[in-house]
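The letters A, B, C and D name the chains in turn, as written, and every chain counts its residues from 1.
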Amino acid sequence: MEHFAVWVAAFLTLGIVSFLYKDNPWYKLSEAIFVGISAGYWFVVLFWDNIYGKFWNGIFPEELIDSAGNVVTREPDYWLLVGAVLGTLMLLRLIPKIGWISRWPLAFIIGCTSGLYLINYFSSNMMRQVEATIMPLVGHWVLDPATSQNAFSAFSGADIFSNLVLVIGTFTGLVYFYFSKEHRGAFGGTAKVGIFFIMITFGASFGYTVMSRMSLLIGRADFLLFDWLGLVR
Amino acid sequence: MLVAGIILVLTVIAYLAKVVGGFEGVQFSPTVSVIVVILLAASLLWILVLTLKGRLIGRRVVFLYVGIAVSLPLFMSISQKIVISPETQQLYDAISELPSGAKVLVSFDYDPPSAPELQPMAEAFLYYCFTHDFKVIVIGLWPQGPQQANLAIDKLLALPEIEAKNLQYGIDYVNLGYQAGNEFVIQRMGGSFESMFPTDYSGHPYSDLELVRNIRNFSNIDYSFNLSAGYPGTQEWVQVAVDRYGLSMGGGNTAVQAPMMYTYLQAGQLAGLLGGMNGAAEFEKLVGREDKGTRFMLSQSFAHMVVIAFILIGNVAFIVGGRKKKL
Amino acid sequence: MRSRSSISPGWTLLLVTTLLVCIVAAPTFGQMPDDGVITFEDTVQVMVAAPTSLIATDHKYDDGEKIDLQWVPSIDDLPGIGTVVGYRIYRQDDGGVAEVIANLPAKANHYRDENTELGHTYIYSVAALTDGAEFMSNLTESISPEREWIDFSKRYLFLIALLVGGAVIYFIEIARRGKKLFVRKIAGLEAVDDAVGRATEMGRPILFIPGIQDMDDVQTLAGLTILGRISKTIADYDTEIFMPVSRSLVMTAGREIIKSSYQTAGRPEKYSDNMVTYITDEQFGYVAAVDGIMVREKPATVFLLGAFFAESLILAETGNYIGAIQIAGTARPAQLPFFIAACDFTLIGEELFAASAYLSEDPKALGSLKGQDVGKAVAMVIIVVGVLAATMGQAWDISSMNSLVDILKTIFSTS
Amino acid sequence: MKRQIPLFITFFVGTLLIFSVFIPPMETLGENFTLFFDIIAVFAFFLGAGNLVRVHVSKLRKRKADWGFSIVTLIGFGFMLFVGLLKIGNPGGIAADVTAPGSWFQEMFNYVINPLQSTMYALLAFFVASASYRAFRAKNREATILLMAAFVILLGRTPLGMMLTAWIPDSLSIFQIPNMAVWIMNSFNLAGQRAILIGISLGVVAMSLRLILGVERTYLGGDDSG
């Protein structure tokens, strides 16, 4: 069985790789298998996790028995029914006449996402990043574990330069994204510096990614050459 | 077609050799390895010359080179020097300060495709934990995470030095399994672990597990390590567990995610970071158990060199081609 | 990490003094009083002092589910000595039996009970643990958790969010009243219309990929709002559009959007549900299928707008290979380099969210961009002021500057 | 009415969630709403799965190109539902976790989905290389900067990078390529990331408000959808 399974895996692996040469039936077969099986996989996982695990168990809580042998009962959470009702409304799309009701759950979801993300993004991305950028140019904060307060390091040339880069980069980057003013003159120059910083960020990111992607391929090569063919010692 | 045919025949021969002949695999001696490297470099130079003459290669040639650069080093017996980066050292320092018996939470937030990078990190980290008698609590915010954890744990338990410790499931380590809900799982764990993981991966009730029975929430955890391949991952852990609950944690990230984490590292929200396979190899060196992370590094360096070569060749083509030609 | 800990300077001082006293008194450890011992075995027991000064306080700004405990650790709990192995917290709920609610490592000096209920009263105690014995502290006064209706600890977050949000609403309102607001062009957003036009001319389809996340990701919403604008042009030109998705909810939303565009264009009969198809939730299964679609259908234009992960480059390179015009945008910084490398035009981060406002040419939507700029202006001013003040404060030790920095940091610290 | 009710729902839910952050008794509202989302998503999945089946059955019926592969997809989908919903071969029976090791469902994942997933992911290595070759040109100043930064990072992570600049004395070690790589990551990269993150958060605020206030309403259907 193990042998057969490794062969299946190798067959599918090579099917996908063959796409690099060109589209072909082997790839199409692997693709068809992939789509069908993975769609089924996620349907089942979501069904057990959400419908059974969260919804059913929430409305009809199972009795758990703790280590002392006591039966622990939980209160049913009838709020979940609202979710089910909204879900059912979603299915009304199938009836063209009242299909428009399915926009209600959609509206709920959009309200939910907007409301949740607004404050979340604002506090961790905007507030926190601004706070982190407020720093003296001539050294760096060090966290003193004893007091949980920030202490200050000694002066150093490297620090000054890094800090300058950080502050100027953040500032000019923000200028680049500023919409209310045309990128001309001094403002345009600043925006240009900003886009340089952003490009360096992307270059760095790219360099790092090459590394990561190669390791994935190394993993597959290891599978084919070691697990399947046993070529590598 | 011809190439495919040859590969197929070679494949069958190799497989038969393995099954029938008890064939143990090939390894290039250092001399052969060096010769292969020189041949590879020479052929790249030849492509550069071709490009200078105005003959551009297609993308399939690039693909072929990547394939070769990744697979050949797996056969080689030469190895590469590894230099420890500060963020890796920071992680190592953080865990080496933990007393024995410290409770360590490891969150496996990745799936098999990211395993080449993160699995060596997981193994090295758990190896350190097991050899230093830390108590390990495993969870996963990705459905396949707990399984990856079991793969790593099973592999480590088979090692003689760890087998000698006779580690017991439920006392020395537990795997609480996967819970859906992304950052909300982390948030609720801030209240109570048990509410999110009423049973472990194999169905034992939380309160039956000696190790976690008395662990309510993050305040009972000494250190936490998060292996992350995306969302939910280190970013969410930092935003919820570190920022709101003051958990001390380090991250092991794919090389793609790693640049994002420098912000948190600098702000002191992360205590240590392993980035990509380099991070894995460096950490393996620190904990003193060199394995796949180290072995794969050579392949990775080769692949890098090939990419660098092609960036150069591409730019040569661009300049020679009058800065216009689009490939 | 800064300022999150609940230890106040006063407590730290107390703790440090206590520790100092202990070190001075260290030789007399053996004669410590043993009034706190609750178990004693025949074997030789190490005696340690119990934790002292235990107090319980209601946790501020919660729903009445938390109580904070603080104590001074056992004076025998010293680094390196290791006689105290940890602390155990006991709680009596409404006068019931004391139950263990937590075990903490050595040196712990605070705990937050996050499992209290409104209307109950609690009494706590803490015991120092040695290998086999417990040394109990005093009992706390009985305490009931309180519920607060407004979380004042987040007041600065509220105020600044109000400032930025208010600016957005203000400019939307200004625009609604018909005042013209200047917003600069984003270079290349005109490319969107050209790209649709190109597909029409070539008689080939447009492929729209809204990322691989569900509707609970705000980037997916951004992608869909842009789809709302593009699909109007598509409906006008009657270009073929194909939108494979990896989430069922996105499929539903996508259909709704495209359908309504066709209705607005006055040709609802041209719309078909086949324009939006669900493939699979599996990230790479979806990518395998979309790659197949690309090489087989050869779309003239590909839009990649939404939340993308590792698949970004596979999609963008394949699109590039088939020679499609590609317009991409995402707020995931890690994926942006690939889009920039392989696509003709890329919306970077914020531009993805702004694009639908631009494309709509609706003055109200454009007004919201103005409001966004107020936020950026605030950020820039604070950064400049903060950095200058911090630098001056540190370099010349100006205390007024240092306190300004502290104030700014407190305001922007969210923890 | 058809348009007013959804607009109101979005407004109400969005506003409520924004304020719930500041009101302790409503703290858990966001979590509860996310639970609703999970449940709605599964209901929507019935529509998605229905669509999948319909598309492939119609391909089959009309004998469209490659209809044979549609059979494979349908069989695969049906098979997974069968083994997953009935938990075939699950060592713990129907009560155990569906992904329990040893169950047919999990085996299918391990030996079919996993290799496919990993391989598709690994294709990225090839695409990264071809993108580097094809797209990373010193076309203009921005592209050149991007190229250089990527180059330094790449070099810094290879033995070649170490060898190239190993001669630089330790006092100037910042100019050794591996150190430059780390330094670019820590300063330049951080600055760019920060600007992008702050920008994104403001973009999200403005877009969320447009949605909540109903300025952006394309998802609700056209004006004359009646």
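The working rule: a residue touches a chain if its C-beta (ideal position, glycine included) is under 8 Å from a C-beta of that chain, and two chains touch if they have at least 3 such contacts.
As the structure is a prediction and not an experimental result, all values here were calculated from the model.
Trainee: Touching both chain A and chain C, which chains are there?
Mentor: A chain counts here if it touches both chain A and chain C, which gives B, D.
Trainee: Any idea which chain sits dead centre by C-alpha averages?
Mentor: Centroid comparison flags A as closest.
Trainee: Hey, which chain ends up farthest from chain D, C-alpha centres compared?
Mentor: B
Trainee: Select, from A-D and C-D, the pair of chains that is joined by more C-beta pairs in contact.
Mentor: Answer to which pair has more contacts is A-D.
Trainee: Cα centroid separation between chain A and chain D, in whole Å?
Mentor: Here chain A and chain D have centroids separated by 5 Å.
Trainee: Averaged over CA atoms, how far is the centre of chain A from the centre of chain B? Could you give it in whole Å?
Mentor: 18
Trainee: Between chain B and chain D, what is the separation of their C-alpha centroids in Å?
Mentor: 20
Trainee: By the touch rule stated above, which residues of chain C touch at least two different other chains?
Mentor: Only 1-2, 4-5, 157, 161, 164-165, 215-216, 218, 221, 249, 252-253, 256, 279-280, 282, 284-285, 288, 310, 313, 333-334, 337-338, 340-341, 348-351, 354, 369, 372, 375-376, 379, 414 qualify.
Trainee: If I count partner chains per residue in chain B, which residues reach a count of at least 2?
Mentor: Residue numbers touching two or more other chains: 59, 63, 66-67, 70, 113-115, 143, 180, 243, 256, 259-260, 263, 266, 268, 278, 303-304, 307.
Trainee: Counting only residues that touch at least two other chains, what does the list for chain A look like?
Mentor: 16, 19-20, 28, 30-31, 34-35, 37-39, 41-43, 45-46, 49-50, 54, 90, 93, 103, 106, 109-110, 112-114, 116-119, 121-122, 124, 126, 128-130, 132-133, 143, 167, 170-171, 174, 177, 198, 201-206, 208-211, 213-214, 216-217, 219
Trainee: For this assembly, give the contact graph shape among line, ring, star, complete and other.
Mentor: It is complete, because no pair of chains fails to touch.
Trainee: Taking the touch rule as given, give the residues of chain D at its contact with chain B in the complex, in rising order.
Mentor: That would be residues 30-31, 34, 38, 92, 95-97, 99-101, 106, 109, 114, 117-118, 120-122, 125-126, 128-130, 132-134, 136-139, 147, 150-151, 154-155, 157-160, 162, 178, 182, 185-186, 189-190, 193-194, 197 of chain D.
Trainee: Can you tell me which positions in chain A touch chain D when the two form their complex?
Mentor: 5-6, 8-10, 12-13, 16-17, 19-20, 28-51, 54-55, 58, 79-80, 82-84, 86-88, 90-91, 93-94, 100, 103-119, 121-122, 124-126, 129-130, 132-133, 158, 161-162, 165-174, 176-177, 194-211, 213-214, 216-217, 219-220, 223
Trainee: For chain C, which residues count as touching chain D in their complex?
Mentor: 61-64, 147-151, 154, 157-158, 161, 164-165, 168-169, 172, 214-216, 218, 221-222, 224-225, 227-229, 247-249, 251-253, 256-257, 259-264, 273-274, 277-280, 282-285, 287-288, 310, 313-314, 316-318, 320, 331, 333, 337-338, 340-342, 348-354, 356-357, 360, 362, 364-365, 368-369, 371-372, 375-376, 379
Trainee: Using the touch definition from the top, list the residues of chain D that touch chain A in their complex.
Mentor: Residue list for chain D touching chain A: 2, 5-7, 9-18, 21, 30, 32-47, 49, 52, 66, 69-70, 72-81, 84-85, 97-99, 105, 107-116, 118-128, 132, 141-143, 145-154, 156-157, 174, 181, 183-202, 204-205, 207-209, 211-212, 219-221, 225.
Trainee: Touching chain A in the complex: which residues of chain B?
Mentor: Touching chain A from chain B are residues 11, 14-15, 17-18, 23-27, 60, 63, 66-67, 70-71, 74-75, 113-117, 143, 180, 198, 205, 207-208, 213, 239, 243, 254-256, 258-259, 263, 266-268, 275-278, 292, 296, 299-300, 303-304, 307.
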